[in-house]
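For reference, chains read A, B, C and D in written order, and residue numbers begin at 1 within each chain.
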């Protein structure tokens, strides 16, 4: 069990370094960020929860990689951050989610409050808005000018998913996307302010532990479905 | 304090009051006489009321089993209050036995006290008729009060005096030339109030025999003997009181000697009684629901007078 | 050193309570409760000692008990002590699943709030805030039924979004701080170089932190989780939340306001605060009417008071003083009310008005405390809230905001009607036939009585040291003493 | 000294608690002694407390007490001047009477009737009664503190304490839903008043050094707006408490719901605190703008007339008395208005007369209104009926109560020779005097017409009450079962009656202290020589003498007349002149019954017919019955609809809290977006 994991990690790192060496200093991060946006759209567009989760895991992986690409030098701090991020965002949380939908035996997001096409359009709108705003932001100097707009876009899309989806799981996914957006913004501060990104990861841990570990499980048990729309008993 | 009171009361004014107390029962007599003469009848003698009083005083009394001391106290309080009110008028043309700032309020208050006692005495019998009479009495009084106040206020404004005794003497005599119009209006309204307060036509008909149409008479339905005598004398005295007020208003006589003043007052009172008789013979009594309008009319006259003064 | 002890003590206690075998009754349960009360006492004593002799800052200024923090810490500690004593009686009556989890969660909560109120580093403050959310969740979920589940679900998701926005706001704040200008995100340095901060990022940071922490405060329109959560959580937990948790969240808002004021952005920030304040008052004034459950009613009352807090903050001047005083009064009063309501629920098994009538006769002590609490929580003299609300009102008038003052008074009047209608009916109405008088154990009433006495005292007398601390806090927030 | 008195009163409250507590013990060891103890302590406390007030009223030095900075709003100051002293005396006088009355009222068994408050609750809850007594004691203490408070915070605290205690006293009979409703209405209204007070003092204390009254008086308000704001807020806040039309809507409900001795306290003392507040504010401001005085005068006239008209329409004895409180507040406000005009137009003497009249009428009304409420309480206690249509002929069964009530009625109607007349006479004099000035304010003399109308209507109303309630013969079996109430209840009545008579017969001793108090309100102007000379020479000189002489004279005349009458009627020279007893002459109808008596409705009908538009009366008339029901136009026509409207808004908004989670997140996002928009609008970087 130990060795294969180590092997995977070292292999990935070697791969990343080769990409980084090969491409221009701007190219690689930009590419990754574009992939992030694409994963967002994947979440917005799919009906299958499993696809959502896969996209989320992929996004987590990209987020884990980014610090390495952006870092000027491969400090152990950055390395630890990358590993932690990948472990939490790309492995632990998706695994939790899969476990949850298996428990709850839900497969697809039926009838979201806003149709998939509409939410895709919303996503596009979000990206446009994000870029428009970011263009007028007095940006701190960062590796790539794509970083801030993409993070904002991800935040907005996270909100879109949160608002337009019914299933508790989808809402969790939306929330995690929101988190990822914030994490991306945190990258702009990675150098100047230590620990910020760790905070972001910590938040994920917390959410993972709670929302997944306890609540969703119980929702499944109590409500035999993950439809949070059923959670409307408490009213005035 | 009582020395103070004595200082306020010159003998002539006391004499004047005594004279009026004796003269009072004549007033209704004159009114009735005038009425019957105008109607071509001979009519009862002018002094009839004296005989009635004398007879009643000597008779025994019948008290309803439902009544209490309130019923018996009624007539006494009526009379006492009227007599007390009489103390405020300068009957001798100079000054009244009692006067103090704002005594006109006391004047009205005493009359109200008498009315309250009378009404309670009526209600004490528990008879529906006397209840009805009481209700009508207070209704009339409710609307008479403001009118009376307006008249007195007009006098105050015209003379600048805050006591009846003060204003009805020299100041009023000086005021007449200045503001004859408004004083005349006030006089008229005061006369209407006189008719209402003493339940004469057109407000009430003392001569009627149908209880359902009565006001004053029906309240005293149960009084008999000395009580009834007190009531009758009290109402006659009240009529005299208002008459005297009207006379003092129209004819302030500060220059005359006390004797002459009292004599002229009596003459004036006779005149008033005659006028009442004439009014009663030329007018019919109003419907009960119209009476307040009559009194509001009186108030309007007084208000007009006041407006003329304030102008 | 004491500061470290303050933070560590509860966490150690939580650890111990956690490793104790999870027995519901018997000696171990007693030991657990003794641990709880003991630590609450110790914590309270330490806080009291801070009033006597201030403690030096530690961790390079990361932890320090400044005026704002000390006020919040005092509220939290006092409230927690009362609640801990109450818990003894509560856990005797209500046999919980895993009392150990309950107790250690409470202690973790205490530790987290302590961290929040002491931390001078905004990231650390954020961590503490997150930890409070984390610690409270199992307490809300205490009853393990679907209603409490729904409550905790709504609470967690909404306040997580809030927390996330607060984190983003913290990032913004970090990017507002130019390279090498003071240590990053450390409050004293931020205040010292407030003028040098980048205004655009600072404004953004203010807004996001306000919304984020405002969500945890329960400002309208981010208050939606409040009635559901307070309604379902055990009353003492609702008390801790509406007394301590909201105060900590308010501290977060107060911190960023501090910075914004120091940066001279008051004209930008104050309308926002006033707006949130009035909106919260309005929402409370609308939703208290026709409530049928006293815990939900108190939740809306809490929304009202959060509104008053930010209103005072936004009005500035003596308003800041009023707000800090209000933190104190509101925290204690809310604890008092919720503990009393807890007794009601223990007596009749429900907090719905329909099933509670004539409480002054069925549970005299708690019933009386409930009625008095109505007057206290609606800011009637001579209770403390009256003084703070009056001060806030004075700030509005002194600032010439006549319409704000008028609106505030209107909403306060309406809220009073709504609350009085429900609570008086519950307390004074005719008890259901056959309803007997219930004995109230001392553990369950001593806490509320103590809190009530404190609130009453604060209404008539503000000690010199407290006045000084409040003044310092008000000055830090750009205000003045009355 | 005052503190000592208050302490003793509190002791009385505690004694009541202890005694009742002992009632739960077997054999009620302390029952007898406890009740005595309560009364003794109450009496002693009130006496001790009254002494300093008397000293000040008789010209003693005014005292001030300071407690250092308890709160950041400055020191707590307490002071006792003539103005406070008048109200202090009223509080203690009515307080001791009502307190002692209440003790017997609750202790002695009452008839279980439609309206009686005490009994069932007592059986249910012995401690409830003790609580009531303790609350009465607490209420007295808070009232006393209120009138001596000289700083905002203690004033507000005493104010709210008064409001709370009176609320708990009103809802003493909590098992009746209508009582709880009335209580809630009262509580909500008084809380609104408190909030207005907050606004008042917040506005007033804007530039003040601290919140003591002294510094408030020193504040230089905004030349045009300042005093306008302060006085308007004061009129609103204190008007709510005093119950002037249209802010009176809570008053009849509350006073009707409370136990009678509590109604006596409320109507006699508590609502007077509104008057005190107004006078205190005037005294502190020193100046009163003309428009405000006109406004107060107008409101006074309206309250007076409408109050008595509405009272005339009532048949529930307690509601009727409550509406009469509205009327008398109107009369008092006429006095205040005249006084204000006197200040505004610089006629200090008129100001003195107006304020003195208002103060004296406040005091008198406190006495006779509590007397009347206690009398009504005795009737309810004896018969269990509150609807006067069912009663009658009670003066035979409860003569002492009837006599006291009759005296109270004469006093409240304002007839000589009782105290009501003296105070109305003072107000009238203010009215007449202002008629003689040269400036525009002389128009105010027309307010006298309203006073006269009020007098006439009040006479009609109390003729109705006394006549239907005590005279005639019983209309309903409940009245037959009536009994004279216990000495513990009659003595307070007679005591109050004695006070009314005393003030009425010897005003010369009462006017000087009242004028001293009025001088406090008039303030600096009172000390100008013209006033002092005229006041000294005239007001408490000859006029007071003369009116005293008048009162005594009238009384003596009546007594003589009564003696003569006894002789005339009593002597029996022969059989024919004996006094005989027959049933009432029914104009020939042979078998009259009690049901045929004139009813209250029909008694009042002819007058009310002329006030139809404002009475809010619904008449129920068939061939067999004639009845009228009177609601309250303001409450039914305005307050309740307004409240319903707000409740509808609330109900419409409720679904917002029923949404699903994603909607809640949407609210959050919406808030965020709004703020970001504000950020852009406000300017991103500037």
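The rule is short, and it goes like this: contacts are C-beta pairs under 8 Å (C-beta built on N, C-alpha and C of every residue); 3 or more make two chains touch, one makes a residue touch a chain.
Bear in mind that the values here come from a model prediction, so they are computed numbers and not experimental data.
Novice: Tell me the fewest steps from subunit B to subunit C, where a step is a jump to a chain it touches.
Specialist: The fewest touching-chain steps linking subunit B to subunit C number 2.
Novice: Measuring from CA centroids, which chain ends up nearest the centre of the complete protein set?
Specialist: When every chain is reduced to its C-alpha mean, the one closest to the whole-protein mean is D.
Novice: Between which chains do we find the greatest number of C-beta pairs in contact?
Specialist: After tallying contacts for each pair, the winner is B-D.
Novice: Hey, which chain ends up farthest from subunit C, C-alpha centres compared?
Specialist: Taking each chain's C-alpha mean as its centre, the farthest from subunit C is B.
Novice: Please tell me the distance, in whole Å, between the geometric centres of subunit C and subunit D computed from their C-alpha atoms.
Specialist: 43
Novice: On a C-alpha centroid basis, what's the spacing between subunit A and subunit B, in Å?
Specialist: 103
Novice: In whole angstrom, what separates the CA-based centres of subunit B and subunit D?
Specialist: Result: the chain centres lie 36 Å from each other.
Novice: For subunit A and subunit C, what's the span in angstrom between their mean Cα positions?
Specialist: Averaging C-alpha atoms per chain gives centres 33 Å apart.
Novice: At least two other chains touched by the same residue of subunit A: list those residues.
Specialist: In subunit A, residues 138, 162, 171, 228, 231-232, 236 touch at least two other chains, as defined above.
Novice: Of all the residues in subunit B, which ones touch at least 2 other chains?
Specialist: none
Novice: Using the touch rule from the top of the page, what residues of subunit D touch 2 or more other chains?
Specialist: Expected reply: 654, 657, 659, 661, 665, 684-685.
Novice: Considering every pair of chains, which are in touch?
Specialist: A-C, A-D, B-D, C-D
Novice: Which part of subunit D faces subunit C closely enough to touch in the complex?
Specialist: 70-73, 124-125, 153, 156-157, 159-161, 164, 171, 174-175, 180, 183-184, 187-188, 191-192, 194-196, 198-199, 201-203, 205-206, 643, 646-647, 649-651, 653-654, 657, 659, 661, 664-665, 667-668, 670-672, 675-676, 678-679, 682, 684-686
Novice: Would you pull the subunit C residues touching subunit D in the complex into a rising list?
Specialist: Answer in residue numbers: 153-154, 157-158, 161-162, 165, 199-200, 203-204, 207-208, 210-211, 215, 221-222, 224-225, 227, 268, 271-272, 286-287, 289-290, 321, 358, 361, 375, 378, 380-382, 386-387, 389-391, 393-394, 396-398, 405-406, 409, 412-414, 416-417, 420-421, 424-425, 428-430, 459-462, 467, 470, 481-482.
Novice: So in the complex, the part of subunit B that touches subunit D is made up of which residues?
Specialist: Against subunit D, subunit B makes touches at 1-2, 4-5, 8, 57-68, 70, 72-73, 75-77, 79-81, 83-84, 87, 98-106, 108-110, 112-113, 115-116, 119-120, 122-132, 134-136, 138-139, 141-146, 148-150, 153, 156-157, 160, 162, 211, 221-222, 225-227, 230, 288-289, 292, 299, 306, 310.
Novice: Show which residues of subunit A lie in contact with subunit C when the two form their complex.
Specialist: Its residues touching subunit C are 137-138, 140, 155, 162, 168, 171, 175, 178-179, 182, 185-186, 188-189, 192-196, 199-200, 202-203, 206-207, 210-211, 214-215, 218-219, 222-223, 228, 231-234, 236.
Novice: What part of subunit A is in contact with subunit D in the complex they form?
Specialist: Counting only subunit A, the residues touching subunit D are 113, 136, 138, 159, 162-166, 171, 228-229, 231-232, 235-236.
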